[in-house]
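By written order: A, B and C. Residues from 1 in each chain.
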Amino acid sequence: MAEPASGSAAPTATAPPPGAPEPARLSPERVEQRLRERFSEVPIERQMGEAVRDHTVYVPAEHLVEVCTFLRDDHELDFAMLSWVGGIDYLPRQPRFEVVYHLLSLRRNCRFVLKVRVPEEAPRVPTLIGVWPTANWHERETYDFYGITFEGHPDMTRILLPEAWVGWPLRKDSPLGYQEVSFTHNTPTRTVPAPDLTRLKPKKVRYRAH
Amino acid sequence: MTLNMGPQHPSTHGVLRVVLELDGETVVRAKPIIGYLHTGMEKQAEYKTYTQSIPQTDRMDYLAPLSNNLALCLAAEKLLGIEAPPRAQVVRVLLTELTRISAHCVWLGTHALDIGAMTVFFYCFREREKVLSIYDMVCGARMTASYFRVGGLASDIPEGLLERCRTFVDEMPAHVDEYETLLSKNPIWLARTQGVAPLSARDAVALGVTGPILRGSGVRWDLRKTQPYCGYDGYDFEVPVGANGDAYDRYMVRVNEMRQSTRIADQAIRRLQEMGPGDYRLRDYKYVLPSKEEVKTSMEALIHHFKIVAHGFFPPVGEAYATVEAPKGELGFYFVSDGTPRPWRMKVRAPSFVNLQSLATMVEGRLVADVITAIGSLDIVLGEIDR
Amino acid sequence: MADEKIVNPFRVLGNAPDPAAAPGSRGSESDEASLVEEVERGLLFTSVEKMVNWARANAIWPLGFGLACCAIEMMAIVGPRFDISRFGAEVFRASPRQADLMIVAGRVSVKMAPVLRQLYDQMPDPKWVISMGACASCGGVFNNYAIVQGVDKIVPVDVYIPGCPPRPEALIHGIMKLQEKILASRVELGPKARRKKGAA
C-alpha cells in the first residue's frame, strides 16, 4: 500500500469521515460507478473487448477537465498521478484519433484509463496541465507525433523532432522513411571492379605504434 | 544571460540540451530541450512483430537493457493472457536485479565523476564489468542482451551461471560499502548534494515522477511491492525511502537499492538451485516457439514453429499496458493490437521522459553548479527519453 | 669469433666499436673516438614525417561525443578493465577545440546531424573520425525517418567499427588501426608551402 508523506494532500472535494479504517484496494469498476453517479448527464462509455486488459472508459472531450478534476480531488478515488498520455491513429476508422490517459492512484493502488475520441477534421483536446502538471511534455509529444492540438497548453511545439519538421510521423499515412540500402544487385549501373584473386598474398601488418 | 548547455556536454549523460537563463550564478529558468536522439522506435515497432521489437528495446534504456526487455515481454504476455513458467520467472528476477545493480553502478560512477570524485567511476565500472560478463555468458552480448522472449527466455541458462552469480552476489555488499566509505560521509559530497535540487513529495506526484526520485522525496511507492509482477511478492526485501527529496537522499535510496537488489538476487539463486531443471519457455505453441526436439519429431510443433517464425504469433484484438519497476522508475509498454502479428500501436512510457520534466522545479532559484548535480541525481537516459 | 653487430632499431651513423679490437690501438685518437662514439649513440636519423606521425598516433585525444549505447562501451574502455590510457587517449576532451579524434559513438538522429557537423568543423586539423557501431556506420538497426543512415553522409570517416555495440576490444582495435593509418600518412604542408606548390 502506498502512503504518501505529509505534504502531498491535494484539496479534497469530499473529506473522509474521522476515524475510518484504511480502505481496501480500489477497483476500477467502483471508479466507473462513482463517475457515472457524479456525471450522470455525461455520456460515459466502457470500452468492451475480449482482450482489453485495462478498464477503459470513453469520455467526451468537452467534459474531460471536469472528470479529471473530480478523479484527482475526490477522497475515495484520489488519482494523484497521471502516468502518461498517448495518441492512437485508427485510420481508416472515423473518428480517427484517440487520446489515452492512464491514471494512477498511489494511496488506493489503482489504475484507470480514460480515452477521448478525436475527429480528424478538428483534432483538438483541452489540456490537462491545470489538473496534473506532468501532462505538459506528454501532450507535446502527442502533438509532435499526431498533430493533435491541446487547447490551453502554454508551449505547443514539437518536442522530439526538429522544429522545422513538416508532417506528423506516427500517423498511419506518414511513411516510415525506409531508405533502400544500395547493394550491387539493386544498383546495376554501379560498376565494381572484380577483385583479383589469382595473386592473393596475406597483407603483412606491422604495428609500429611503439 | 542565456547559457546553452549544449547537446554535447560531458555531464549531460547523453545528448540533452538545457537552456539556462542566469542572473549571475543563479538560475532563473531552466528549459530542457530533448529529441537529439529520437529514433522513431514507436513507428518502427508498427512494422515489426512483437519479438522483433525486443532488440529495439535494448537500445532505449541502454544501461538496463534487460529491464526493457522484461517490460515488453510482460506487456505482450498480458495482451495474450499467458504467463511465463515459474523457473523462467525466477531467472527473469535474477537477471533484472543484476541489471539494476549495474545500472546504479553506472549512475553512481558518472554522477560522482560530474561532481568530481573520479575514483568512484573506476570502482563502479569494475563491478559493472562483472555483470556484463554474466550477460555475455547468458546470451552472448555484453550490453544489448535481448534475452527475454514472450512466454519465457530465449534459451536456458548455461551451466556455471549460478556459481558466477553467487560469487558476484557474495562480494557485492563489500563493494557497496567501498562506495559508501568514499562518499556518504565525505564533507565535499555532503556539501554538493545535501539540500541541493530538492523536490517535495507533492511536486513529485504532480509531476508524475516515479522511481528512486519519488522514493527520495518520501513517497513509499515501488511497483515491485505494490503491483508485483514476475513473482516479486515472494521475495523478501525492503524499499528504501528518503526524507527530504534532495540529491543526497536520492543517492542514499539508490545505494540502498543496490544492497536490496543483491539480497533479491541471492534469494533468486537459492530458489533456482532448489527448483532444479524445468521449463524455460511456456509450452503454449500458439504463441511461443516449441523446443527443437519437438520440432524435429512432432508435426504440429513443426507447423507452429514455421508459423511463429514466418509470420509471428496472432494476438487477440485488444490492448494492454504492463509496467515494471525499472532502475529509473515506472517503465511501461502499451500495445494496441488489431489481431495481426504486428502491433497497431506501441507506446512506451519512459520514466526518464517524465522525470526530466522535474528538472525545472528542482533547479530554478539555485546555483548553476547545482544543475549538474540535479541532472546527475535524476539519472536520465536519453535513449529512453527520445526513443 | 663472430663480429657481433649490435642491431639497432634506428639507423645509427657507423657501428658500435669492435670489441675484439686490440686495446691500445687507439692512442691519442681514443678520446676523440670515444667522444664520436657517444655522440653517435645518442643520434638517430629519421624523417620529420615519421616523428610527427609517431607523436600524433600515440597521443590521440578523443572528443567526448557519446550519443547512445556505444557511448557506454566507450566509457568502459576508460574503465580499468580495458584501459585506453595505455594508448595515450584517456583524456576525453570536452571541447572540440582541444580534441583531434571524434569517436561518433551511437545513432545520429536528424536533429543532431547539424550539431555533429558543427563540432567537426570546430575541431582543428589534423583530425580523424571513427564511426563506432552499426548505427553510426550505416544506420544500423534503425532504417527510418529519424536516423541518418551512416555518419559518413555528414563527416568524412577514417575507421568504421561494426558491432551493436562493438566490444571495447573492438573499439581498441579500431583505434589501433587508426594509429596505423596515422603512422602511414603524409604530413600535410602548411598553408604557405601549399600555395607555393600550387595546390589548393
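Keep in mind that, in the parts below, contacts are C-beta pairs under 8 Å (C-beta built on N, C-alpha and C of every residue); 3 or more make two chains touch, one makes a residue touch a chain.
What you are looking at is a predicted structure, and each value in this text was computed from that prediction instead of being measured.
Asks: For the interfaces B-C and A-B, which has the higher count of C-beta pairs in contact?
Replies: Result of the comparison of B-C and A-B: A-B.
Asks: As a test of understanding: of all chains, whose mean C-alpha position lies farthest from that of chain B?
Replies: Chain C.
Asks: Provide the C-alpha centroid distance between chain A and chain C, rounded to the nearest whole angstrom.
Replies: For chain A versus chain C, the centre distance works out to 48 Å.
Asks: Could you grab the centroid distance between chain B and chain C? Build each centroid from C-alpha atoms only and quote it in angstrom.
Replies: Taking the average C-alpha coordinate of chain B and of chain C, the gap between them is 37 Å.
Asks: Taking the mean of the CA coordinates per chain, how far is chain A from chain B in Å?
Replies: 19
Asks: For chain B, write out the residues touching at least two other chains, lowest number first.
Replies: If we look for residues of chain B contacting two or more partner chains, we find 35, 38, 40, 43-44, 386.
Asks: Indicate the residues of chain C shared as contacts by at least two other chains.
Replies: In chain C, the residues touching two or more other chains are 110-111, 144-146.
Asks: Going by the contact rule already set, what residues in chain A reach two or more other chains?
Replies: Where chain A meets two or more other chains at a single residue, that happens at 161-162, 169, 174, 176-177.
Asks: Touching chain A in the complex: which residues of chain B?
Replies: Of all residues in chain B, those touching chain A are 34-35, 38, 40, 42-44, 47, 78-79, 81, 200-202, 205-209, 217-221, 226-227, 243, 315-321, 330, 332, 334, 336-337, 344-345, 347, 349, 353-354, 356-357, 386-387.
Asks: Show me the residue ranges of chain A that touch chain B in the complex, using the header's touch definition.
Replies: 1-10, 49-54, 56, 80-84, 86, 88-89, 100, 102, 106, 109, 111, 113, 132-134, 136-138, 141, 145, 158-162, 169-170, 174, 176-177
Asks: Under the touch definition given earlier, write down the residues of chain C that touch chain B in their complex.
Replies: 63-69, 71-73, 75-76, 78-81, 92, 94, 96, 106-107, 109-112, 115, 119, 141-142, 144-147, 164-165, 167
Asks: In the complex formed with chain C, which residues of chain A make contact?
Replies: It comes out as residues 161-162, 165, 169, 174-179, 181, 205, 207-210.
Asks: Could you pull out which chain C residues touch chain A in their complex?
Replies: Those in contact with chain A are residues 54, 57-58, 87, 110-111, 138-139, 143-146, 149, 176, 179-180, 183.
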